[in-house]
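Across the two complexes that follow, subunit A remains constant while its partner is subunit B and subsequently subunit C.
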Partner chain A sequence: MTSLPEKLIGAAAPRPLDAQRSKLPLLLALVVAVGGCVFPFVVTSTLTLSLLTQALIGAMLATGVGFLVRQNGMVSFGHALFYGLGGYILGVLVSRGIVPIELALILAIVVPTVLAFVLGLVITRIPGVAFGMLTLACAQAFYELALKVRGLANGDDGLAVTFPARIFGVPVSLLQDPHSMFVICWVVLMIALGSLWLLMRSHYGLLTFAIKANEERARFIGYETLVPRAAIYAISALLAATAGVLATFYNAFISPDMLHWTLSGSALIMAIIGGTKAVWGPALGAVVFFFIKEIAGDATEHWPAVIGGILIVVTVFVPIGLSGLLVRVFSGRRA
Partner chain B sequence: MNATSSQPFALQGLDLSRVYGGFRALDGVAISVPKGEVRGIIGPNGAGKSTLMDVLSGRAASWGGTVRLGGRDIGALSPRERRQAGLARSFQKTNVFAELTIDEQIRLAARSVEIDNSAEVLDKLELTALRSRLAADISYGDRRRLDLALALVGRPQVLLLDEPAAGLTVEESLAMARLLRDLALEWQVTVLLVEHDMEVVFGISNRITVLHLGKVLAEGTPDEIRSNPVVVSAYLGSSVE
Partner chain C sequence: MLIHVLNGLVYGGLLYLVAVGLVLIFGLRQVVNFAHGSLFMLGAYVAYATIAIAGFWIGLLAAAIVLALLGLLLDRTVFRQLQDQDPIVTVLVTFGLLLVLEDFVRTVWGRDNLTVAVPQLLQGTVDIAGASFPIYRLFVIAAAAVIGAGLTIWLKTSRVGLYVRAFAADPVTTGMQGVDTERVSASVVAVGAGLAGLSGAIASPLLALSPAMGGSILIESFIVVVVGGFGSFSGAFVAALVIGQLQNFGIVFVPSIASMVPFLLMMAILIYRPEGLAGKAS
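Moving on, here comes the complex of A and B:
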């Protein structure tokens, strides 16, 4: 059972992950990343691709929520705020023709990120459930705003967004066709996951992880802890805003639903089902979530109950989530 | 003390007070420690020893009073700034990063200071062989040494140690005492050592401060403290003759 490297290292066994650290996971990641891009050429069903595109957008949002859990240990019940805000900024600015679409896109991503950073400087000081409630309250405030201020985007009715023909020279129609949009969302998601993975392995990743593990000691070894916490919150908001932007392009429609707490809740459920220890866990959870929703939704209108049941099973029996389970199975590690 | 009165003390706390719900945990304490000295701090449970460490290190704010590090007023600085100014501490309750490997946390500690002596610290504290292990997976004694190691990285000028030998075996405590004495000599680091293990304190301290009910009861060389009737009746009893 003892592998050669283990024998060489001897008694002082390294942490299991190090022992398994080979080229294999990286190779696997590459295969998956490339595989996704050719997927629409294999599966040509528009319906399936459309569902998967929605799933990828959900995956982006869930990745943001999960990253916050992993790196800050904080559970957000209000990430729809950044998702919806991204969508609204893009949708409203483009519809009103206030700024060029390229600038609208940049603002739609930058504004929620900066907002999250500033907000994070205040609310990431607050631990536990109180933090979750604050995120929920902030998101609901924006939801009410979108609902009540009809002049903004027709309140409850939502706003159909008419895009100009091109963005950065690329036809916008590509962003609305599931065949091409699937690939675009896939590439964006892969870039996001790759960046997060690199971040996690960097000094800053280690520092934020350490702050999560023991904030007080981090201060006493010479680190300021608030800015790193807020920065992680901002990064997770950046992912959510990106998801909101993709959704707005794809659906050409914005409505207060994009800011509703049920969306934040779904994203959290996806992250929990997928597991947050691996960066790609929440994304996997999102895909599973969408498929369950689709299949169970065909059978019964009570599909949320099915999701709820699965959530209970996962939290009780597989608290490490599906990604944790997969890693365990494939690395041949004992429980 | 006369010899050093013209130059600044390595660490000085003046008129330090702290009240917890009407209870004076620290009541106008003054302490001045010259460079390179190992200062033992003893006193019964609840005397305010940890509170003094907290106030000096910035974990808790003093109600009035001053804290000086090498003559510089650091009373308004955060723990991070105090650490970067050369004041490091360990904790009475082991305070390490359970989810990080020893190597990772030592590396992190080294990044925030100017001198990277992590290899030396790991070596001195006999943690080198454990460096790739998670702190959660090592023994209690190893974790105590890791706690100390996190404070030693960067060769701080002043070390505040809150019962580093708590829970260690007699052998381990004595090894720790030897290590601290060597460090004080070798690095010229100033040490404030809170410790219940009298053998350790009396063995390595140049001077000892006795706290009682938040006040300084006595201060002097180990011999003076041992024979001080007030200290003996209030604290030492017959445990040290």
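Moving on, here comes the complex of A and C:
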């Protein structure tokens, strides 16, 4: 099923044996990870930090979409489903005061993940383009639900969420101030990227690569292939739900826009711009995306056309994405 | 009751005209056109603009012709150029086009909803089984039936139709027989796009025109194509009618979760018959 092009969809299997090749990338990753944490002390402009915080939340979502492409070779046009679902579960449960906020947070992440796994058992059997159409249809069904069932969260108007003062003993106001929220999002993103990187080098990660490369053969040498695919789908949904939860804390607001397919599309575009071959590619794409949006948003009203045009150009002419270009430039110099 | 069935037929008919274009293009190019809903939307807007100066019927014709030409352009510049690449590349490009087209329409016609008046000839209602039913809706059903039948006849009797069916069955062998893919593809994409435009124009008096109107029809026609079995005309026909009915009964009886009904049907079909209603078991 996966005759997806190496260039666009990325990633030949990593080679664990020559992992010791160079320590430089690892060192660089550490510097970036620590550097991000001190960033708000250097740049104190609230506006910039606010933009960057949103970019980081977008990066989280895009990482989920990109990871699915990278590991399963599957393109999702409906990841807003898990993002929005995470946000809605948290927002609705907290607003109604049904459960303590800590439990709401856990449910908001666990429920979309489990849903993705079950859904994945059905839809990851469907190859290629049809899978993309299905993800879009699934997400849209939930969007309409959030729009039409006004009793849930005021339908189209959305719902302002009032949080209790503390979560796990931490003041919730920290989650709404861009200075502290930037660091929180940064740490969460770094943990996510690190875990994905480890996962991708594990036995299980290699197995999913094998299934992506040739499912028939993977099955032939004795592996069950459906569950690993659904599991990857669930992990990518976990990332999306986490992004949705962060967004809900930060904005203290939920609306059906969180489930809309333009958001799914944006996440996919971020992943494609950044390139999915590297784990960090989609996150980089997200940051670039938000900056283009900021610039284009001031200069022109035609934001969707700009981003659509960029998508076309990148897909056709730079299928390896920004991360691919960067890696190529740097490894070229080293050699 | 009969009224509800008729309303379902109106929607199912329009859905078929849009979905069949997707099936046509898929059969020949093995790609899915994510901008197909935008062609529907563009058809409605072209009709809106033309009706204002030249009347309703010219408006329908103009929408079909303009969109068919756009389809020709689409085939030449996108599908043909990218045919050697993975289908997902084309999908992403058409997705980008979707965004561009929506923005184009928003720029030209604004973001407010526009309305198209029902033509004089088709105004008013008729009594059907004791309830009144708009004549225009009957016209939509008739038009969809006539266009659908015409398309079927074209596919079954013409030479191009034969090629199209052959490509849908086995593109490689058909190419080896010396059939010119490019020419067949150009006419097929033009027909598919023209049909999307025409159905948008026909639907325009029933809907509020907005740049985002392509989205919902695109998703519903995806469901039709998947449920019907990829690349199957008869499957898409049955699926469109079933989903038209379900959607309409959903709106009547369970309005708040109506959108879940076709979705649940799709999931059920995928679990029990992943290849779709008329699909070949692989």
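In this text, the second predicted complex is superposed on the first by the 312 of 335 C-alpha atoms of A that agree within 3 Å, B and C clash if a C-alpha of one lies under 4 Å from a C-alpha of the other, contacts with A are read in each partner's own complex, and residues count from 1 in each chain.
Just so it is clear, a contact is a pair of C-beta atoms (placed from the backbone, for glycine too) under 8 Å apart; a residue touches a chain by one contact, two chains touch by 3 or more.
Note that the structure is a prediction, hence the values are computed from the model and not measured.
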item	value
Touched partner set for A:198, first subunit B, second subunit C, both or neither	neither
Which superposed partner A:103 touches (first subunit B, second subunit C, both, neither)	neither
First (subunit B), second (subunit C), both or neither touched by A:32	neither
Contacts of A:219 with subunit B and subunit C, given as first, second, both or neither	first
Which superposed partner A:210 touches (first subunit B, second subunit C, both, neither)	first
When both partners are placed on the shared chain, which of subunit B and subunit C touches more of subunit A	C
Subunit B partner contacts - residues on subunit A that touch it in the complex	12-15, 18, 203, 206-207, 209-210, 213-214, 216-224
Subunit A residues within the subunit C interface of the complex	3-5, 8-9, 75, 77, 122-123, 125-126, 128-130, 132-134, 136-138, 140-141, 144-145, 148-150, 261, 265, 268, 272, 301-305, 307-312, 315-316, 319
Touching residues (chain side subunit C, partner subunit A) in the complex	31-32, 34, 82, 85-89, 91-93, 95-100, 102-104, 107, 215-216, 219, 222-223, 225-226, 230, 255-260, 263, 266-267, 270-271, 274
Subunit B to subunit A touching residues, read off their complex	57, 59, 78-80, 83-84, 88-89, 91, 95-101, 104-105, 107-109, 111-113, 129-130, 132-134, 150-151, 153-154
